[in-house]
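Each of the next two complexes has chain A plus one more chain, namely chain B in the first and chain C in the second.
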Partner chain A sequence: MPPTPRNRGLAVLPIVLGIAGVVALAILPKFVESPYALQMMVLFFLAVIQGEAWNLIGGYGGQYSVGHAAYFGIGAYTVIVLLQSRGIAPWWGLFPALLLAVLVAAIVGSITFRLRGPYFVLASIAVAEIFRLAALNWKQLTNGAEGILLSGIPPLVIAGVQITDFSSKVPFYYMGLALAVVTVLVTIWFQGSKLGYYLQAIREDQDAANSLGIPLTFYKNVALMISAFFTAFAGALYGLYVGFIDPQTAVGLDISVQIVLTAIIGGIGTILGPVIGAALLVALSEALRSNALTDLLVGIGIVNPASTIGQFLRDNLSHAHMLIYGVLVALTILYMPDGVLGGIKNQIRKRRARAAAGGAA
Partner chain B sequence: MLRIENLDFSYGDLQVLWDLSLEVKQGEIVTVLGANGAGKSTTLKNISRLVRASRGTIHFEGKDLGKLESHQVVELGVVQVPEGRRIFPEMTVLENLRMGSFIKSTRPDRQRNIERAFTLFPRLAERQKQLGGTLSGGEQQMLAIGRGLMTNPRLMLLDEPSLGLSPLFVKNIFEIIKEINKQGTTILLVEQNVFQSLRISHRAYVIETGRVVLSGTGEELLGNEHVKKAFLGA
Partner chain C sequence: MTIFLQSLLSGVLIGGAYALIGVGLTIIFGVMRIINFAHGDLVMLGMYASYFLFTLGNVDPFVSIVFVFPLLFLFGAILQKTVINKVLNALPQNQILLTIGIGLILSNTMMLLFTSDYRIISTSYSSGSFRLGEISVSTPLLLSFVITAAVTAILYWFLLKTDTGQAIRATAQDRDAAQLMGVNVKRMSVLATGIGAGLAAVAGSLISPTYYIFPQVGQPFTLKAFVIVVLGGMGSVMGATVGGVLIGATESLAGAYISSGLKDLVVYVLFLLILLFKPAGLFGKSRV
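== the complex of A and B ==
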C-alpha cells in the first residue's frame, strides 16, 4: 500500500484542529460567563499541565514517579508564602518557586534514579511524603495543618496599565490555557527530540540503552527537571487560584496519584493522552462531588432513591473518588492498557485492517 | 588490547569469579566457554562496568576501566551486545540503529554505519520501517549486533548471540561475526555453542565455577579431551 499522501494529510489535520481548538477555548470566556463552567475549565487546564508534565518522565521515560505532589507543593507553597508573608508579587515569586522545584528534582533524581521499577516508585512516594510532613510541621513557614489563606493578589500592572486585578476567574482561565498549550507544545517537541528518543530507549530497555553509551541517570534527571518545572508552575497557579493551601491539598498523596491517573487513563507516552485523561477525571470527580452520578443512576431507574442502596450511594459516593479512581485504573489496565487514546487507536486500526481484509477478499 | 587480571567478584555473599585473568589481543576473536552459571556473563558485565569487582583490574588499551561508568567505556570503543537481544521493541529497526550512534564522535559516521549494518544483514534493510518487537528472534539478534556496530567499536562483547536461535540462523550469525572481525573489530564472545564458536575463534578460555580451567587456540580446544567430554558430549 502507498501510504504517503494520506500521511501528509494526517500531519496537517491535527495542526489545524489543534489551532482551532485553542482559538475556540481562547474566545470561550467571551460567551460563557458562568463561574461554574470557568471553574471546571481551570481545573481541566491544571490537570492537563500536570498530566503532560508527568508524562515526560513517566510516560516517555517509563519512570513512574508517584511523588509529583512534592513539586506541585513546592510551587504552591513558595509562591504563596512569599506573597503572604513577604508581599512579593506572584509573578516574581514564580522564579524562585520554579528554580527550587527544578533544583529539588535534580537532587531527588540523582538519588532515586539509581533505583528501578517498584523501588523507584516507592522512593518517589517517600520523597513526596517528606515534603508533606515538612509542610505540616514547619509551622513558622507554612502555618502547619491550618494552611495559608491568601488575603489577596496585587493587581498586575505593566508599564502603568493595569492588565488584571485577579478579581474574576477569567485571568486564571487564560493563564491555565496558556500554560496547558505550552506543555502540550513542549511534549510535541520532546517526542521528536533526541532527549525524547533517549528517554524512550531508557523506558524500553535500560540496560540496552546503557550498553550504547547513554548515561541513564543524566537523561532521566533532565526529563524530571522539565517535568518538575511545569508541575510546580501548575502548583503555583493552583495556590493562587484557590487562594488557600494546606499540606493535604498541596502536597498530599492524592495529588501524586491523580497526576499519574490522568496520564494512565488517557494514554501514557502520547501527546494527547493526558488531555483526554484530564477531561475524563475532572468530569468524573465533579460528577462524584456533586452527586450527579447518583442522580444519573436514579434518573435512569437503575437505583431506587428511597432504597438502602440509593441512600448509601448518596451519602458516600461523593467521598469515594479515590476508590472509584482505583476501579477505573484497574479497568483501564485490563481493557485498555494503552489508555483511552490507545484503545481508540487500536479499535480504528482493527476496523481498518478488517475493512482492508474484506476489500481484498 | 583488553587485559583482565586476578578478578574476584561476588553477588552478595556468593563469589562468582575467582582470580580470573584473561587477555584479548587486537584483531582476535576470543571465546569464553562455560556452562550456565560459570561466570561468563558476569565477566562481560565487569568489562562494561554494569557490575564492579571487589579485586582485580581490567585494562583496555592500557586504560584502567576500574573508575569508569558504563557509558564512558562505550566512548573508549568497547560495546556490549547484551544477552537475549535487548532491542527497543517499540522503535523501528532504523530508529534502533540510529539510537546506536548516541556517542557524539560516531554521529558523522551514522549513515555509513547504517549502510554497513544493512550490507551485513540485508534482512534488516528490508524491514527498516518495522517495529523492533515484531522481528523474529534471529532478526532481533541481527539488529542488536547492527546497533552495537553503530558505536564504531574496536572491541565488541557478544553475550550468547546464538541463544534461542534456529540452527540455520546460528550458522549465519557466526559467519557474520567472522566477517565483522575481518573488517577490523576485535571480538570477545561468550557462548554455549562450543563447536560453532571454537571454529571461528583464534583463542578461547574455558571457565568452570568462576575459574579459568583451560585456554588455547580454537583448534586446540576443539581437540581437547576435557572440552569434548564436558561440552561436546563425545
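== the complex of A and C ==
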C-alpha cells in the first residue's frame, strides 16, 4: 500500500483548539478577579514570549544564545529610563527600545555568528555580561545597582477616550496575552517559511547548508533580530509590570538561563514546546515561592511538618527556585534532551513502531 | 609610573591564581572537549572549604590546600563518573547547559546551607604589606603567587614527566589514537576532571584571605577562566598559565586607568576581540 501523502496544510483540529484556548484566555479576566491568578498568568505570558523568541534562533537555528538577557534588558531599560527621566509614555518609548534591540542584535550577530558551538555560547554570554556591567556602571542613566523604581505609568488615552490607567493587572494581562499569541503565530509562520527551513538546515549541518548556497550569517542574523525584537518587547512589558528594574533582575545571567530553560524543558524547535516549558516553570517557581510544594509534601504525609526536615523545607524551599532550575536543566539534558514534548513524541513513535512490529508478526 | 608598576604587580600576583583556574578548565576541556561552566563554582567550594578549615580547625588557608585539593579532586572525579560522562557525545550546547545546571546546583545548595552572608578569613597577614621602593606589595597576594608557582611547577612535572601525565596529554591530543595505544581514556577523563576541580579549588583557597566568600562568588571566575583559556588557546596548559597572568595584569591596569567598576567589562571586550581576530589564542591550534 503506498503511504498516504501527509496533508501539508494546517490541520483543522489544532486551529480550532488554538482559537478556543485563546478565546478562553481572553475572557478569563471577566470571571477571575483574583490578582494572584492574574499575576501568574502575566508571568506565564512573559515566559511564553521569551521562550518562543529564543526558540527561533536557539531551537530552529541551533544557535544556543545564553545571552538573551541583553535584549530583555535593553527593552526594559530603554522604556523605563525614557518614561522615568524624560517622561516619554511607554507606548512611544517602545519604538526606540525595540529598534535598539534589533540594531544591537544585528551588530552582535554579525560579530558572534562567525563563531561556532561553544565559542558562540561563550561570546553570547560575554555580550550579555558587557550590557549588565554597563547597566551597573552607567549610573547617570541607569542608577546603577540601586535600580530604577517606576513612579507611575500615564493613562493611555486614544482620541479623548481613556482606554486604561494601568492601575490593575488586567491591561498587562491582555498585553501579555496578545504578544504571546503573536509570538506563537510568528513561530508558526517561521516554521513553514523559507527563513525557517534555512535555519533548520543550518542547525542540522552548517557546512552542508553553506555549500547549498545558504548565506549562513545573514539568515542567522535575521532570525536573531526577530528573536531580539520579541525578547525586548517582553523585557519592556516586564519592566512596566513589575515597576522596578536593576541590572541583576533585568540583564543578569539568570535571566538568560531561564529563557533557555523555558525552551529546552518544553522541547526546542517546536511550536508548543516553549508554551509547555513556560507553564511548567511558572507553576514550579510559584509552588516553591508560596511553599505550596512543602505543604503538598506534608499533606501527603511524606514529610512530618514538626520534624527538622519539614522545618528546613518550609524555611528554605521558597528561596530554592534557582537550585530547582539547576536540577531541572541537568535532568532534562541527561534524560530528556528533546524536552517534554520531544519525550512524549518519542514515546508515541516507539509505541507505534512496537505496534507495527507486533502487527507484522 | 608608580601607579603603573603598582597595578601591574598586583595584577600579576592575582593573575597567578587566575592561571590555576584557567589551567584546570583547559585540562578538562583538553581531555573531554567539554567546557565546564561550573568551574567558578568549584573555586567557590575551595574558598568555603578553606573558610571552614580555618574557622573550625584553625588551619591556615595556605596550608589548607593539602586538604582542599584531594577533597575537590574526589568531588570532580565523582561528578565526572556519575554525570558528565553521560554527555561526552552529546551536542556541545547540551554539555554547556548541563554544566550551567551543575553550577546553579552548587551555588544554590551552598546558599541554602550557609546563607548568602559574606564571610571573610582574617589571618594575621590578611591586610599585611611591605614596601619595595615606591611599591607596596600585599603579603597574602605574594604568598599565594609563590604557592601558585610551586603548584604549577608540580603540575608541569606531572604532565610532562610521569606516565599518567603523558597519558592525559595523549588523550587530549587525540582521544581515539590514545585509546588505540592502550591508554585508558575513561580513567584519564576522570583524572582530568578531578585535577581540574582540584586546581580550581586550590586557587579558591589561595585567594580566600583576600576575597569575600559567598555562594555566588564563582560566576565571574567561570567567565574569567574562559577568557584566559581562549586567550592562551583552548587545551593549552602553557597558554592558560600565561593567559592567567596576562588577564590579571590587564584587569588591574584597566581598574587603575579606566575605572574599577569597568575592569571586567574591559576583559570581556578583550575576550570578544580575541575570539574574532585570534580565535586560536596565543598558543593553541584553531578548533573553531
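Just so it is clear, the second predicted complex is superposed on the first by the 341 of 361 C-alpha atoms of A that agree within 3 Å, B and C clash if a C-alpha of one lies under 4 Å from a C-alpha of the other, contacts with A are read in each partner's own complex, and residues count from 1 in each chain.
The definition used in the following text is that a contact is a pair of C-beta atoms (placed from the backbone, for glycine too) under 8 Å apart; a residue touches a chain by one contact, two chains touch by 3 or more.
Predicted, not measured: the structure shown is a model, and the values here were computed from it.
Q: Among the partners chain B and chain C, which is in contact with a greater number of residues of chain A?
A: Larger number of chain A residues touched: C.
Q: Applying the document's definition of touch, where does A:236 land relative to chain B and chain C: first, second, both, or neither?
A: So A:236 meets neither chain B nor chain C here.
Q: Going by the contact rule set out at the top, does A:184 touch chain B (first), chain C (second), both, or neither?
A: Neither chain B nor chain C is touched by A:184.
Q: By the touch definition at the top of the document, which applies to A:214: first (chain B), second (chain C), both, or neither?
A: After superposing on A, A:214 lies in contact with chain B but is clear of chain C.
Q: Determine, under the contact definition given at the top, whether A:205 touches first (chain B), second (chain C), both, or neither.
A: The first partner, chain B, only.
Q: Is A:265 touching the first partner chain B, the second partner chain C, both, or neither of them?
A: Once the two structures are laid over each other on A, A:265 reaches no partner at all.
Q: Using the touch definition from the top, list the residues of chain B that touch chain A in their complex.
A: Touching chain A from chain B are residues 48, 50, 69-71, 74-75, 79-82, 86-91, 95, 98-100, 102-103, 144, 147-148, 150-151.
Q: In the complex formed with chain C, which residues of chain A make contact?
A: 62, 64, 66, 111-112, 114-119, 121-123, 125-127, 129-130, 133-134, 136-137, 253, 257, 260, 264, 316, 319-320, 322-323, 325-330, 333-334, 337
Q: State the interface residues of chain A toward chain B in the complex, per the touch definition above.
A: Touch residues, chain A against chain B: 197-198, 200-201, 204-205, 207-215.
Q: Where on chain C is chain A touching in the complex?
A: 35, 83, 86-87, 90, 92-98, 100-105, 107-109, 111-112, 219, 223, 226-227, 230, 259, 261-262, 264-265, 268-269, 271-272, 275-276, 279, 288
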